[in-house]
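Take a look at these structures.
In what comes next, chain A is part of two complexes: it sits with chain B in the first one and with chain C in the second one.
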Partner chain A sequence: MLWYLGKRLLQSVVTLFIIVTIVFSLLRLMPEEGYLGAAAEKMTPEQQEVYLTNLGLRDPLIVQLGHFYGDLLQGDLGTSVTYRTDVPVKTIIAEKIMYSILFGLGAVALSLLVGVPLGILMAQMKGRWLDRLGTGYIVFVVAVPAAVYYIFIQMYVTDLFNLPMLFDEYNPVSWLLPLTSMALAPTASYAMWMRRYMVDELNKDYIKLARAKGVKERTLMFKHVMRNAFIPMAQYLPATILFTITGSIYIESLYSIPGMGGLLVDAIQRQDNSVVQGLVLIFSSLGIIGLFLGDLAMALVDPRIKLGKGESVR
Partner chain B sequence: MEEIQSKSRILSIQNLIIQFKLRGQVLTAIRDISLDLYKGESLAIVGESGSGKSVLVKSIIGLLEKNGSVAQGRILYKEDDLTKFETEKDWLKIRGKEIAMVTQDPMTSLNPLKTIGKQIEECVVLHQKLKGKEAYQRTLQLLKDVGIHDVEKRYKQYPHEFSGGMRQRIVIAIAIACNPKILICDEPTTALDVTIQAQILQLLKNLQQKYGLTTIYITHDLGVVAKVADRIAVMYAGDIIEVGQTHEVFFNGKHPYTWALLSSLPQLGAKGEELYSIKGTPPNLFKEIKGDAFAPRNPYALKIDFEERPPFFKVSETHFAKTWLLHPNAPKVELPQNLQAFFEEGRRFAHEY
Partner chain C sequence: MGLYSEEITNISEKSNEKLFEFAVVDEKKAEETGYSNYSYWRSTWKSFLKNRLAVFLLILVCTIVAFVIIQPYLPYQKSPTEIYIDEQTSSQARNIAPNSEFWFGTNSIGQDLWSRIWAGTRTSLFIGFVVALVEVIVGITIGALWGFSRKLETPITQAYNIVENIPTTIVLILMSYILRPSISTIIIAMCITGWVEMARFIRNQIVILRDREYNLASKCLGTPSYRIILKNLLPYLISVIMLRMSLAIPFAIGAEVFLTYIGLGLPISEPSLGNLINEGRVLMMSPDLRYQLIFPSIVLSIITISFYIIGNAFADAADPKNHV
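On to the complex of A and B.
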């Protein structure tokens, strides 16, 4: 187990290194005018040259990379250049990350609370009206682009229930709509997977044997079917949680939530390399951690999976 | 023979008809069957795929698919008519507790995420009203009973850590753990290789004696039947066409379908010749069947076979067959040479014992 953990950790670090290096190099390929922004017209070519040299952009790529990783190892993500000049990237991200995490976790909690029971009910009432209704919902959410129903919700639901259109930290009601909107898609996928795995399990032979030995239908559901159906879900869970934390760019800009999603877009537009790099580092770490936790969760709940050196899966 | 007659009836199926609704059509899977099961015997129900063997036993234990229902008849067990059972609560009195089942495929019949010990113990707790340490001890005893060694370690293992034969032993342990009166073995050896098959059959035989079980085997393997069954019921197209003690059906079979089945035994084939197979296909159970269901495939079919369904004709106290050939007015038919020889040899053999 420890051996496996070490191996996975090393793999994760290597993956992270590759992602960040590629993004870093790509950023250096961007046109240089971007760094100057509106100030470009006021500067002479010589001034521009000095500015870019001071930013370190005239050094060879490998030297720039060396500086970046050197600073990173000391826990320094650098300072913002254009987004908020001379403010450390860490400070900028720290201010915003809480909103993203709160909304992300809130949306996941909501979608788990609704999606998993919905999937269970759908599986039990397979082919009946509730199942059809649920399937309709899933198809709708998957087929219609999120941006479309996001806007509809913001435009009409706010009217209908007289809810605020924009996010206000101190007004809890204003959390409601962005959270619900964000939870719609993951709810659908949890319901879909849960239903599917439940139906799969219910058709298995061991359920027949359990029935034949006189286990009550309800005990069967709770002790045998639900647990077994949940295991494949365990694998995806951490990844979706982290995806939801990072994947709320559109919602954040719709409701003016000061989270991280909008930050990335802003920073890219203003060509603020250090902010972009910092964010990429965080997002990709979250993604990698998610996958890792997924594998780990799977191994913990499923006795058939053994992690470790030389232990084969029979 | 007299021995079995004197034994008491434990289960009685009377004029049972079971139908399934499928895409707006009605399929009659069981067509008016009557069958008695006597205490302590082992009965084998044989027949080809789709003949209704499984449906018949599923109706005994209340596990028919949702679109299936009993259209007529009774299944009497103790003072209950099982066909009247509707709620889960009714069936829970029977399932496991009175009638348990050993399923076909041990590879998929166990919950992959529970230790086998827990799966057996679930039954012990449910049906023997034992708890904690007692239940644990009882489970270990059951594991020993089905021939598993090192039981304390094995208790904590998961199904994937066992071989196919071992898993079938565990499935059997689960069935026995319920303390049933009747044990249904639904093709208990089909998924196993031949050497293991013999062991499992021997195990089932031993357990039957040890626990005083009445067993029903469902199989299409006549070799299994010969090893374990006291009586045989031959099914064809949802009907029992011949029933009798094992040696009676094997060596004095009366129904042409029984003959055809026996003729397709490899032992009866001559070396170098093609193995006998029954021509044609079984009837479509969506349609109403007139006369003897086997008539269209039956080289000995009489005119009446196509018109009127034969009743059971008595061959001996324990042996009955549904064929017009047994009617006093029916013409004599000559059996194929090899089957005739098989019958005679078998009878001689049975006589010596």
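On to the complex of A and C.
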């Protein structure tokens, strides 16, 4: 187990290092206006050149990378240029990160609470109206781009239930809609996979034997089918975490939640390179942590994975 | 006893000369015994036709694709980019509700929404088709090498472990942020992320198939690797490849909407479904103008849902287990 964890952790760290390096190098290809900000128009080309040299942007890439990692280890992500001039990126992101994490975790929790039971119900009522309704919902959510139904939910559901259209930190009712919208897609994918694994499991021979033996349907469902169907479900946890990143970008800017997703949209529109870079780093780290935790969960629920090369099979 | 004796009495009538001729080996007839009327594609098509909804959607999608191509050449069509001038006030024909002149109304600067929607659908479908095609070609090539060549297996697996860890959304954002927005850059950004899943999928299937007896036999007989891949392995995978391709189209359209939403999409002069929805979103607050959001959203939903359902129905139909 430890051997597996260590290997997996090392892999995550190497991946993060490679991603950070690639992101940093790619962003050097960006147009340089992103570093000059509003002052660009007042400067002569020579002044611009001096400014960029002072920022270290004329150094060879390797040197820049060295500086960047030095700063990063001290927790310095650079300073914002156009979004909020001369404010450290770290400060800007620190203000926003909690909103994103809380909303993301809330959405994942909500989708687990709704999606898994929905999948179980659909598998039990296979072919009946609930199953058809659920399948319709899943097809819609998976096929139609999230932006479209997010906008329509904001447009019509707020009118329908008289809910506030924008996020207000001190009014919990206004958290409802963003959270539900964000949970829609992960709920669909949980329900879909849960249903599929349940149906697969129900078709297996041991279930037929158990039925023939006279095991009660309820015991069969909860003791045998669900436990086995749950194991492959663990692997979708990280995928949902990644999905909420995308969701947060839409939702946070639609409901003006002061989180990182909305910040990313703002920073992109103002071409603030250092903010974009910082956010991309944080999003990728969150993604990598999510995948790591997902593999960890898999290893915990499925004993076969623990038996890596280091340990022998008893 | 009577029965047998009856037969014995009849035997001279029943026999004839032909029964005592020697049988001749007929190559043609020998072939026919092993012949079955089964054709993979015909059976697939037959099972597909049983799914009424999917057939209806297939016809719908084909109609939309055909219409989108011929629409600019039809009579009474307006230009998607021209700004129309109201003759009475001689200002731009802004936000006109749908009427007989402008079938779907006009947008906030006086462009005809009807022709913009079809031009946008054309762009989005084009992006979708190209991305799906590139994904399939690159995905199959890399997946086949990855699964078949034992030397390349470790390096590609290591590379995959890294690539897989990067959130697709982030790559998409980063690529479009660095490249200037245009149709080709959007396609490039999507292709960079898209092929990975496909390659892994093909690889897994090929690993399962490559050591089956018929492939070992083929190898022993000296068949070159490329021929084994092309003739023995890929035909097995054709149905799943088609499925992935038909699913890649709605995802590419969705990704375009996403990129436009965060401000990295196509320029306004290039109508696309993402652009139209984004323009409509801005006007969401005034209920009279919501048609500008609703029309493109409906067209987009029809197209993406249709591709999704057709893809799934086709995958079911292509599975020989479902053939009669």
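What we mean here is this: the second predicted complex is superposed on the first by the 292 of 314 C-alpha atoms of A that agree within 3 Å, B and C clash if a C-alpha of one lies under 4 Å from a C-alpha of the other, contacts with A are read in each partner's own complex, and residues count from 1 in each chain.
One rule holds in what follows: a residue touches a chain if its C-beta (ideal position, glycine included) is under 8 Å from a C-beta of that chain, and two chains touch if they have at least 3 such contacts.
Everything numeric in this text was worked out from a predicted model, so none of it was measured.
A.B. asks: Should the pairing of chain B and chain C on chain A count as a clash or a fit in the superposition?
C.D. replies: fit
A.B. asks: Based on the superposed arrangement, let me know which partner A:Met98 touches: chain B (first), chain C (second), both, or neither?
C.D. replies: neither
A.B. asks: State whether A:Leu300 touches chain B only (first), chain C only (second), both chains, or neither.
C.D. replies: Touch status of A:Leu300: no partner.
A.B. asks: Can you tell me whether chain B or chain C touches more residues on chain A?
C.D. replies: C
A.B. asks: Look at A:Leu9 in the shared chain and tell me whether it touches chain B only, chain C only, both, or neither; answer first, second, both or neither.
C.D. replies: In the superposition, A:Leu9 touches no partner, neither chain B nor chain C.
A.B. asks: Could you tell me if A:Asp205 is touching chain B, chain C, both of them or neither one (first, second, both, neither)?
C.D. replies: It touches chain B, and chain C stays clear.
A.B. asks: Of the two partner chains, chain B (first) and chain C (second), which one does A:Ala147 touch, if any: first, second, both, or neither?
C.D. replies: second
A.B. asks: Once the shared chain is lined up, is A:Lys216 touching chain B (first), chain C (second), both, or neither of them?
C.D. replies: first
A.B. asks: Looking at A:Ile231 after the superposition, I want to know if it touches chain B, chain C, both of them or none. Which is it: first, second, both, neither?
C.D. replies: A:Ile231: touches chain B, not chain C.
A.B. asks: On the overlay, how many Å separate the closest CA atoms of chain B and chain C?
C.D. replies: Checking C-alpha atoms only, chain B sits 5 Å from chain C at its nearest point.
A.B. asks: For a test of understanding, state which residues of chain A touch chain B in their complex under the given definition.
C.D. replies: Listed in rising order, the residues of chain A that touch chain B are 204-206, 208-217, 224, 227-228, 231, 301-304, 314.
A.B. asks: Touching residues of chain A toward chain C in the complex: what are they?
C.D. replies: Answer in residue numbers: 11-12, 14-15, 18-19, 23, 26-27, 29-30, 139-140, 142-148, 151-152, 154-155, 242, 245-246, 249-250, 253, 264-265, 268-269, 276, 280, 283-284, 287-288, 291.
A.B. asks: Name, in rising order, each residue of chain B that touches chain A in their complex.
C.D. replies: Interface residues on the chain B side: 61, 63, 88, 92, 94-97, 100-101, 103-105, 108-115, 122-123, 126-127, 158, 160-161, 171, 174-175, 177-178.
A.B. asks: List the residues on chain C that touch chain A in their complex, please.
C.D. replies: 161-162, 164-170, 173-174, 177-178, 250, 253-254, 257-258, 261-264, 277, 281, 284, 290, 293, 297, 300-301, 304-305, 307-309
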